[in-house]
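We just call them A, B, C and D in the order they show up, numbering each chain from 1.
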Amino acid sequence: MYIVRCTSFFLLFLLLPLVTLPIQRFPKPEFETNYTQPSTQIPVPRAELLAYLDVLVLLVALALVSWLVLKKRSRLWVFAMSVFSLAYFGFYREGCVCSIGSIQNVSLALFDHSFVLPLTVLLFFLLPLVFTLFFGRTFCAAVCPFGAIQDLVAFKPQSLGSRLNTVLGIIPYLYLGLAVLFAATGTDFIICRYDPFVGIFRFNASFGMFLFTGILLLSGVFIARPYCRFLCPYGVLLNWTSRFSRRHLTITPKECIQCRLCENSCPYDAIDFPVTDKSPESRPLMVKKMMMLTVLVPFLVLIFGYTGSRMQDTLAGVDYRVKLAKEVMALSKMQDAKAGSREPGAGSRKQVQDDSFEIKAYKASGKTESQVYSEASAVLKKFYLGGWLFGGFTGLVIAMLIAGRMLPVYRKDYVTNKGRCFSCARCTDYCPIKS
Amino acid sequence: MPGRREFLNTLMRGGILAALGLLSGAVIFRSRDGKSCSYGFDCSGCSRSKSCMLPAALEARQTVWQLDMTKCIQCGRCATNCVMSPSAVKCTHAFAMCGYCDLCGGYFKPGTKILTTAAENQLCPTNALKRKFIEDPFFEYTIDEELCIGCGKCVKGCGAFGNGSLQLQVRHDRCKNCNECSIARNCPSQAFTRVPANKPSLMRGLGKERPGTAAKKGGVDA
Amino acid sequence: MKIGKSPLNTIKFLENVSLGSAVFAMVFCVLIIVNYIQIKRADPLNTPAMTMLIEKLQNDPANDQLRQEIRTLDLLARKAFFTAQWQVRTGGYLLFISILILASCIKTIELIRVKLPEEPTGKPVLFWETTLLKRKWLVYSGTGLVVLTLLLAWLTHNDLGNTGSREPGAGSRYPGTGNRDTVSRMQDARSRIPHPASVTSSADSNTVEETSYPSWKEVKANFPCFRGPGSIGVTERSGIPTSWDGKSGKNIKWKTAIPLPGNNSPVIWNDRIYLSGANESKREVYCLDALTGKIIWTSTVDKIPGEPSQVPGVSKETGLAAPSLATEGRRVYAIFANGDLIALDMDGNKVWAKNLGMPANHYGHSSSLILYRDILIVQYDQRSGPAVMGLSGKTGEQVWKTPRNVKISWASPSLVNTGKRMELLLAAEPCVASYDPLTGKELWKLDCISGEVGPSLAYANLIVYSVNEYSTLSAIRTGENPKVIWENNEFLSDVPSPVANDDFLFLVTSYGTAVCYDATVGTKYWEHDFGTPVYSSPMLAEGKFYIMDKKGLMHIIKAGKDFSQISECQLGEGSFCTPAFTNGHIFLRADKHLYCIGK
Amino acid sequence: MKQKIFIIAGLLLLIAVIGIMFTDLFSGKKQEQTNPYDYKMGEIRKTDSNQTAYTELLTIKPALVEIHAIVNGDGDRIYVAGKNGLEIYKGDGKPDGNFSFEGVASCMAIDKRGKIFIGIQDHVEVFDQIGKPAGKWKSVSPESILTSIAVSNSCVYVADAGKKIVYRYDLNGRLINRIGEKDPQKNVPGFIIPSPYFDLALGKKGELWIANTGRHSLEQFSDEGVLNSAWGEASMAIDGFCGCCNPSHFAFLHDGSFVTSEKGIERVKIYSPKGEFTCIVAPPSAFTEGTRGLDLAVDSKDRIIVLDPERKQVRIFVKK
């Protein structure tokens, strides 16, 4: 069977020139002067091989940084690597496709079978996650150019306190949820749409994009790595995987001597302080609370899911198909009003000529009104389900957050929070114990 | 206690790894819906469509953005919405199609009386379209890419009065191949599509089709 | 590094450099912004001055000085354009370099500066004390969040933002009643799509109460009378099923027994179906839920002033409730064989009723009702004093009445838009006539039909088609001077009405032969014999003809130049009635039941 | 204190970022609808309605898949040829017969005896009135694209856009000579045919007119290939021919006036026998934008029959 397929393909390729040969174009004029017509130049895109080179560099960088963080424990070297990553993945490669954005490609490929996902993109998505699963978020430490550029401008990092960290920490989950929702429905790649640093890497972007970058970087002077901590959707995935990492950066290579020197060393508030005293809450109270939680979790999931589904229209409003349907509807209403005014006896209504490009293109495409509407209603249906899932996910995140706060805690030493720590190795410099 | 914790951790790690593997598998090995194929061919004629379970991602081509002129309405957003300035979309001339007109609809402003290259006659706002005399009555039209801003004015003129040899195309030496093209998002006619990187052009009239097939007018067209 | 021997001096130096570069960066930042605003404000490539000059030149092509001026200005403009671009780019590079210097200086200072580990201030915080406090805070904010979420759920689901979702499917389910609980509204959202596509959003339905009639578009989105909007046998609804089976129940969504018999066809507004039934002693109007088939209300028609005491003599095939109802979404109107005419509100309450006088009609009155705006039009072509009249839908008062010099007719009026105006078209021996639906003024008439006219008219593309058995099939171009553009008398219909679109005229004879003609020139494309008589009128939906024969077998034929039958679906019960359509559904009235076909 | 200010400043900026994203995503703002580089074509397509002297009387909708050529035969019967077939209509639009053949007819002519000459891609096929094949001439050349045929009493003229030349055949398909080859000595400039629109027609006195579309002119040749006269001006204004290759088709009224049709700006116009613009038959607004190949015919009552391949209609115009 396989051979048959192969031969049929081989034959197809043999036949192709035969098919195209007798087909001619309209004859040229015969020039008497020695004029030769120029040929149309079609520039080729970046070679595919280079994409594999990028994956290779990513792999090497991840391995190197992991080694630097876990074995060498050197902030200086990690910093040097982040400069390299900034130069290579940022300024040389100019951003696309990055691991953060690849979330959307993967989601779209999962739901839309006509969208083929190149292996390189899949690897960009997978490799950092796999490395994080074994070594912690070393990708964030010095491979991701976004992190690197923010690390560079974190001049006056301030501790935000746990409340702010918690509240703002919900944003990335929402962002991730929305990004997956919009990508899966084929609406938009919002992570790329609001990519804050790509303009810098290319020295070229719209003014609005630059303004956006500027504001973010400026806030990054006081709040270290604001994008990574409070926006990055890929960070959510890394956070989850990092919690179960096999090895992770530790503040001290040996026994902690409780010197408290590292207390203020982390600009990202990712150091957990020791908790040695027992919870003052009695055991029955705890059990009661836990039982309440088991009710609370599904309750929150449902409540938020419901809210999400109710927001179906708002969410779907982002989609171009729904937008077009709305416009077409407005147009047909207007035409109705006009047609009405042409009927005898009807009052004259103000005529508004709607000739937006979208409407022009719709008219040129030859699509019928009902086609536009049915496309939009298909999208809306997706968003109804998507709204439930997105809302439910949000509810689950919040419920888990609450549950996390309710659990008893016991910690002897100062340790890095495995979920939030970027493995930047700053704290190691503060630890008086050196290997 | 720490032992149990470690065990749970390992278990979860294994779980996450399995989940990632499953996800990749779902993306790599999957049936296609018969619409497209990573070979860049239309699946409709392929005997293996639907049942085709080849690892899609493994053979998948990198894709690049390209503009399908059959849908384009020349709204000018290619010039203003590209992340690059000037835009990576530029006018490209299919010389094989060109009629070498004296009165070129893409070159001259409407109402031009004396057909010279003087500024008052030119349609192109940046003087990027060059007109050169060849021999009576033929003129060659070329594009200075450095000057072209991709506004599509000449494309509209050529399409309306000529045979559409001037076409807007994404120039891949300039395009950054954004993951999501910002022009694609704003294109009113959804004319931007991802095309396989080895076939980056969607131009017509490069000498591969019979006159008329592009416009479906049955042999009486170019 | 030579400068400064102690690190302190280096730091000082670096601080100065960073200060300098910061100032530099600031300046460039401002410059770029200014430049950007300049470009935004005045696009050098599109100056009004230039356009003006060019216009001037076109009027005065010989002016060489003007020509020169344009060339200079053009050169300047293009220069300005490219210079501005160059400036932004160069400025950007310089800005980037200065920021780079700034960042590296600060980083170096950080490196050089001897880091004295900060003295840990204060005692380590008492963990549990704060944690308990935080938990309390968490509970409060959590509750607040839930409340906020619920609030959001209510607020974000605004009906304005909802128009998009409504449009593809349907309008508000119940105009004027906004206070339904949210859960069932969500169910609506899911079941919206198969429902009649009314364009009203809720925002509109509030204003609906004020205007007394729906827009033509809204009418077209429903199935307000016999043979669909305008009563021409064409529906624009989509997703119409093409296969079902009454025996196995395949694609039969529901079936409901209709208490009293009647040969009127269902009419639909939004998601309610209206029909009527009558026997010698009782006349009733029914309203059914299109979703479930449940009879929502039944209204008995009695105690009507002037109601005749005797039962009219009717043929069995016509019955006592042959005319279909009509509605404009405000009221439902029904007429019966004894001349009873009633208007009911959407909940089945009588608004007004009158008797038009027992019609002198030997088979029984069968002309269906039709509405234009809020004028109810009644074709009352009987033996004594045939007339067509317009009644106010709100009050039942006669708005106009035009006597007609015709024989008895069993056909129903059609309402068409001829581009310039709306025309009411009627057929009866000897003519096809057109009236202004607002005033009743006769616009034109053409003698071309004879006999006991049963079939109503077909209309498409400014051509009206009339047909009757033992007469002719005529295609009439409308306008001030109507003209028969082609005619044929090979196949003629006795009962079923013809139907047409721009390309085809489709006709089915009462003995069951279907014929398709070219609409413009009358070339016969094909004919096909079903072998079963047909009384119901064919409908054209989604490019397919739906023809129900008397035995309840639906023939679905593609509208094309060649005969191509798509399917034949058995209902399992005989039928005389014309089908009604909503998106994705067909409603068929058979002898005893009303069926909903759909998934 | 100082620390607080920093935090607040940073937070405010961060919130600004998120706010921008949120509003931009969900505001549903309308996109920019002005095109700074717009080419306002509407103005060119506008015409003065006073100049339109004709009105559409009748529309025939042929059943052919594609229609490309139209001819007015004796008895004012209208012959429409296109893909795989030919249809005949009476002057009032009623069908009067049809027959089918293989291939896409691009041009057609009928001689006095009712023989139908149809140009199919690169060769001519001859049929009699009822569609019986009466001869198939051999292909001129593989590059040929026949775009027009005219028949006089003694010979058949065939325009070949592919070879950019007009052939004169006798009635049996024997080539007599070629007309219009570039010949500076005879002052023949040669045909410039940038795309397959290349029409020819016989004037009132049987003289041969050929549309040199690349030069936007109509040229009159003798049977021997001598260029006698020419007229035509390239212009977007109403009195000129505009675009790639116009006039794409032309025909003659009985007073010797020219009826011309154009693509690009779709319009049908009338010029006096001297080549002066007289009036408009159908303005651009009468056609779908992008319509190409409006073939023309004139019947005995000087009704102008326009073949509209885009709408697939035969449209008959009469004087207002």
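Simple rule for what comes next: a contact is a pair of C-beta atoms (placed from the backbone, for glycine too) under 8 Å apart; a residue touches a chain by one contact, two chains touch by 3 or more.
Only a predicted model underlies this, so the values are computations on that prediction, with no experimental measurement involved.
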| item | value |
| --- | --- |
| A-C or A-D - the one linked by more C-beta pairs in contact | A-C |
| Distance from subunit D to subunit A - Cα centre to Cα centre, in angstrom | 54 |
| Euclidean distance of C-alpha centroids - subunit C vs subunit D, Å | 39 |
| Distance from the mean Cα position of subunit D to that of subunit B, given in whole angstrom | 30 |
| For subunit A, residues contacting two or more additional chains | 24, 26, 29, 193, 204, 314, 317, 323, 356-358 |
| Residues within subunit B bordering two or more other chains | 75, 77, 85, 98, 100, 111, 113, 125, 138, 188, 211, 222 |
| Junction residues of subunit D, two or more chains touched | 31, 35-37, 145, 192, 194-196 |
| Overall pattern in which the protein chains touch one another (line/ring/star/complete/other) | complete |
| Subunit A partner contacts - residues on subunit D that touch it in the complex | 3, 6-7, 9-14, 16-18, 20-21, 24-26, 28, 30-31, 33, 35, 142-143, 145, 161-164, 192, 194-196 |
| Residues of subunit A touching subunit D in the complex | 24, 26-27, 29, 156, 158, 160, 164, 168, 171, 178, 190, 193-194, 196, 212, 215-216, 218-223, 226, 230-231, 314, 317-318, 323, 356-358 |
| List of subunit B residues in touch with subunit D within their complex | 74-77, 79-80, 98-103, 105, 110-113, 115, 123, 125, 136-138, 149, 151-153, 156-157, 160-163, 186, 188, 211-212, 215, 217-222 |
| For the subunit B and subunit C complex, residues of the former touching the latter | 85-86, 109, 111, 113-114, 118-120, 125-127, 147 |
| Residue ranges of subunit D in contact with subunit C within the complex | 36-37, 59-61, 63, 89, 93-95 |
